[in-house]
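Listed below are the structures to be examined.
Both complexes below contain subunit A, partnered by subunit B and then by subunit C.
Right after this comes the complex of A and B.
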């Protein structure tokens, strides 16, 4: 299983994501700088990490989405490579158009940094195969712009097609229909605001609810 | 050629920042403020003759996120 993590100036969860991928795939991920125009051959998983790429200039994820490497990520996604965008990575994926909607300032204006209760909205995606439908899990969030917005027709389509992967169980950031994570129509791109890579080891993190996301994905990619 | 791009949130898109400023204005005693919406202005210094279609493309490709924002182009 070969994976890569994209690194933008201002990424700060790239190493956490790399550790999670290394622990679950058993192989060291390749770190790919944002200025690269291509990805390593034979990739199975691309991680777009959390952080504050380009200082959140213009809009969160807007500058990163236009960086050279994201064209290569879009090409890889089109070929079926699994793409996982966490937090700022989710913002980057919506800004590139790989996922619909946008992530706006939290409704309460506060930066929210705590463990949140999530519900698995669809356990049939390649990212959620190791969870049960409607399972309650806990994963940390740390974001200022996590308020998911899309027009009503898009939200209806996402729900109708089972593309909402995770929802917040309580009020967190004002997200439309409590959406915490969605997949693209092909099902191989997931963006989510919570940080599964920060909860992969019960001894270190208290719980390991995020670990099954990686394990399920690896099993699905077989 | 100086051009100004005004980016605003689409009507109906929640603007928590605008709401907070609205609340603060009320706190300062300013009555009669019905609503506050916050946007941004991008000032561009462009080569003379840059055509309107190109400026429009700049807005759509980067300066505004048309999922949530509208933009308007003003030549100064």
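Right after this comes the complex of A and C.
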């Protein structure tokens, strides 16, 4: 299983995502600098990490979305490579158009960092195969701009097509229809605000609910 | 030599130099300085940079231990944490800027302390802070709290260093002068530690990071004067932070540090290019020559005076090995940072600045740094201080009439209420190594990729320090020692941040020297040396109309080591049926307790003496607690501090979501002093192995009394002395504890 993690100036969860991928795939992920124009051959998973790419200046994820490497990521996604965008990575994926909608400032206006209760909205995606449908899990969030927005028609379509992967079980950031994570129409690109890579070891992190996301993905990719 | 305006007495005064100090400038120069030179003297001789009022007293602090690699004097302290690794840490104040502009003041405080740590080669792994605000209902306070919290979060979250702990107090003495102290802990390999002494005549001096702008000019001088009614006009002296650039600077510096290209490196903090270049040259015993035209500038038309005094953030100065300039430049260009060779190391012992083909400053380095003024300020004697502070002995105190109501009120009071509203705005988990999050006695962060854990805590009880500076200084160190011990970590060393009012008042000097004496005794007795620190004086304000001095606030930041982080203890009650013990003797000392202040309405002069600290007991009790945790005897541990044993028990219940029956209070007599007194050296612990605990405590001759049992969804205190049982449902307790900050700050606090 071969994976890569994209590194933008200002990424700060790149190492955490790499650790999670290393521990679950058993192989060291390739760290890919944002200025690269191509990805390594034979990739199965591309991780777009959390952090503050370009300081979140202008708009979260907006500048990173224009990085040379994102064209290569879009090409890989089109070929079916699994793309996982966490937090700022989710914002980058919406800004590149790989996922619909946008992440706005939290409704409460404050940055929020805590474990949140999530519901697995669709356990049939390649990212959620190790969860049960409607399972209640806990994964931390840490963001200022996690308030998911899309127009009603898009939201209806996301729900109708089973593309909402995770929902918040309580109020967190004002997201439309409590959406915490969505997949693209082909099902191989997931963007989510919670940080599964921060909850992969029950002893250190309290729970390991995030680990199953990686394990499920690896199993699905076979 | 360019000679702008002649130096008048007024210009000297504007630069914060006394007439006597200006005489010293004239003597050391052998001529009249020009404005640039005067500016350089003024910042180097400011209290902030020179420690001129505190230096002779700081020398008395213990700074050595076998595990200390580098004590005070460098950018941060360095201690050995085994396996060839070192922890590097320091705490620093950003009080004055944070009062004037809370967001940027606090943000740049975090940025500055981060640079102090990574400039020595460490990757920052944790931030902490110690905050003091004025009365919660002061008209300016919500704005200040919101700004400071958002500033700390805005900077720390963006650079990706978790903010894992801290402390917050409220007191009217901070109404016009809040305190923002920030601490960073980093980890480095011992063979990759970088120091600031310049060497190698002819080596290049390199500037990296952000460009120099006009922000923060004279920040160090501003931070060395008390506030007046016009302090808002000083806003242009506050620097503006750019955490994104800081993140790039961290990565670029660490990448370069992995090579052998660097001879010396120093961040540009207070007094910017001036203090960094002077310190590097004077520590190395060399000279320095700078080409001011080569300094990367954000604005056009900047003068050497402005460039030397700017406190623009996210800048570093380095001395590189010959021929390594291109290699280093490539790294900084990759990270999209400025890189410029701006000078050379010389053998003259002087600082020479050239600009537009002229020499615009030429100063001998000795007088700027090592020979800066040093004051032994008049200090009130202990008796004089006692008379001035006027703390009366505590008279007869009424018993609590409603124990449950008292506990609920205390849990909701500003100094005890849950700080969740604050720390949920800080990313306290980035790095995925935070194994004990905020809310416990100490935060624990894994040393990445190892079983080791670093425990850290910030502590100080200013009301104790006012009532008795010596005991208060001891107590700040002892509480830090206790907090680290309560998670099972071996306390290794501390950093301090000494916040006091004007040193030109003998009573304030008595506070400073008293606290330092207590601190020094505690450090010696607990083998807990001071490896770095910072002094912030002139923390008083006429802005609120009073001439208000802050309470003496010598904040302590401590670091401890766990060989195996997974053995660390937490405060949470774990399981129904486990026994609750109080470890350490209860003297029922109510003086200066929060119960007295919040319930009986007695504080300050009317609240008596603070609890004394017996350092030998503190050490013995801490040692026992740590060994009991390491051996798995204890299932939870929590130190008793603000609010005493009752508050400690309540916090443990809330953290675990389980109640307790506290039964054995009767035999100890009246419940108020026992449960609300703030006796030192005590821990509340739980265990399923009460016999072993009792035997181990007896062997160590340490008092341990079983006081109850974990269980249920309420706290029940069987108060036999008053023939009543106080029952407090956990839901009520939680509502009280969690309510204060959200009620104060409200949903619109982000806009305050």
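Simple rule for what comes next: the second predicted complex is superposed on the first by the 222 of 222 C-alpha atoms of A that agree within 3 Å, B and C clash if a C-alpha of one lies under 4 Å from a C-alpha of the other, contacts with A are read in each partner's own complex, and residues count from 1 in each chain.
Quick note on the criterion: a residue touches a chain if its C-beta (ideal position, glycine included) is under 8 Å from a C-beta of that chain, and two chains touch if they have at least 3 such contacts.
On a predicted model such as this, the values are computed, not experimentally measured, just so you know.
Student: Just to be sure I read the superposition right, which of the two partners does A:66 touch: subunit B = first, subunit C = second, or both, or neither?
Tutor: First partner only, subunit B.
Student: Which partner chains sit in contact with A:126 here, subunit B, subunit C, both or neither? Use first/second/both/neither.
Tutor: Touch status of A:126: no partner.
Student: Look at A:102 in the shared chain and tell me whether it touches subunit B only, subunit C only, both, or neither; answer first, second, both or neither.
Tutor: first
Student: Touching A:204, do we find subunit B (first), subunit C (second), both, or neither?
Tutor: A:204 sits against subunit C, while subunit B stays out of touch.
Student: Output check: A:174 vs subunit B and subunit C. Expected answer is one of first, second, both, neither. What do you get?
Tutor: In the superposed model, A:174 contacts subunit B only, not subunit C.
Student: In the superposed arrangement, does A:221 touch subunit B (first), subunit C (second), both or neither?
Tutor: After superposition on chain A, A:221 lies in contact with neither partner.
Student: Decide which partner touches more residues of subunit A, taking subunit B and subunit C as the two options.
Tutor: So, of the two partners, C touches more residues of subunit A.
Student: Which subunit A residues lie in the overlap of the subunit B contact set and the subunit C contact set?
Tutor: 108-109.
Student: Over in the complex, which subunit A residues touch subunit B? Could you list them?
Tutor: Touch list, subunit A to subunit B: 58-59, 62, 66, 94-95, 100-102, 104-109, 147, 149-150, 174.
Student: In their complex, what parts of subunit B are in touch with subunit A?
Tutor: Contact set of subunit B toward subunit A: 13-14, 16-17, 20, 61-63, 65, 67-68.
Student: State the interface residues of subunit A toward subunit C in the complex, per the touch definition above.
Tutor: Residues of subunit A touching subunit C: 9-10, 12-13, 15-16, 19-20, 50-52, 54-57, 108-114, 140, 142, 144, 195, 197-198, 200, 203-205.
Student: Going by the contact rule set out above, which residues of subunit C touch subunit A in the complex?
Tutor: The touching residues are 150, 153-154, 157-160, 242-245, 247-248, 335-336, 423-433, 435, 446, 565-566, 747, 749-751.
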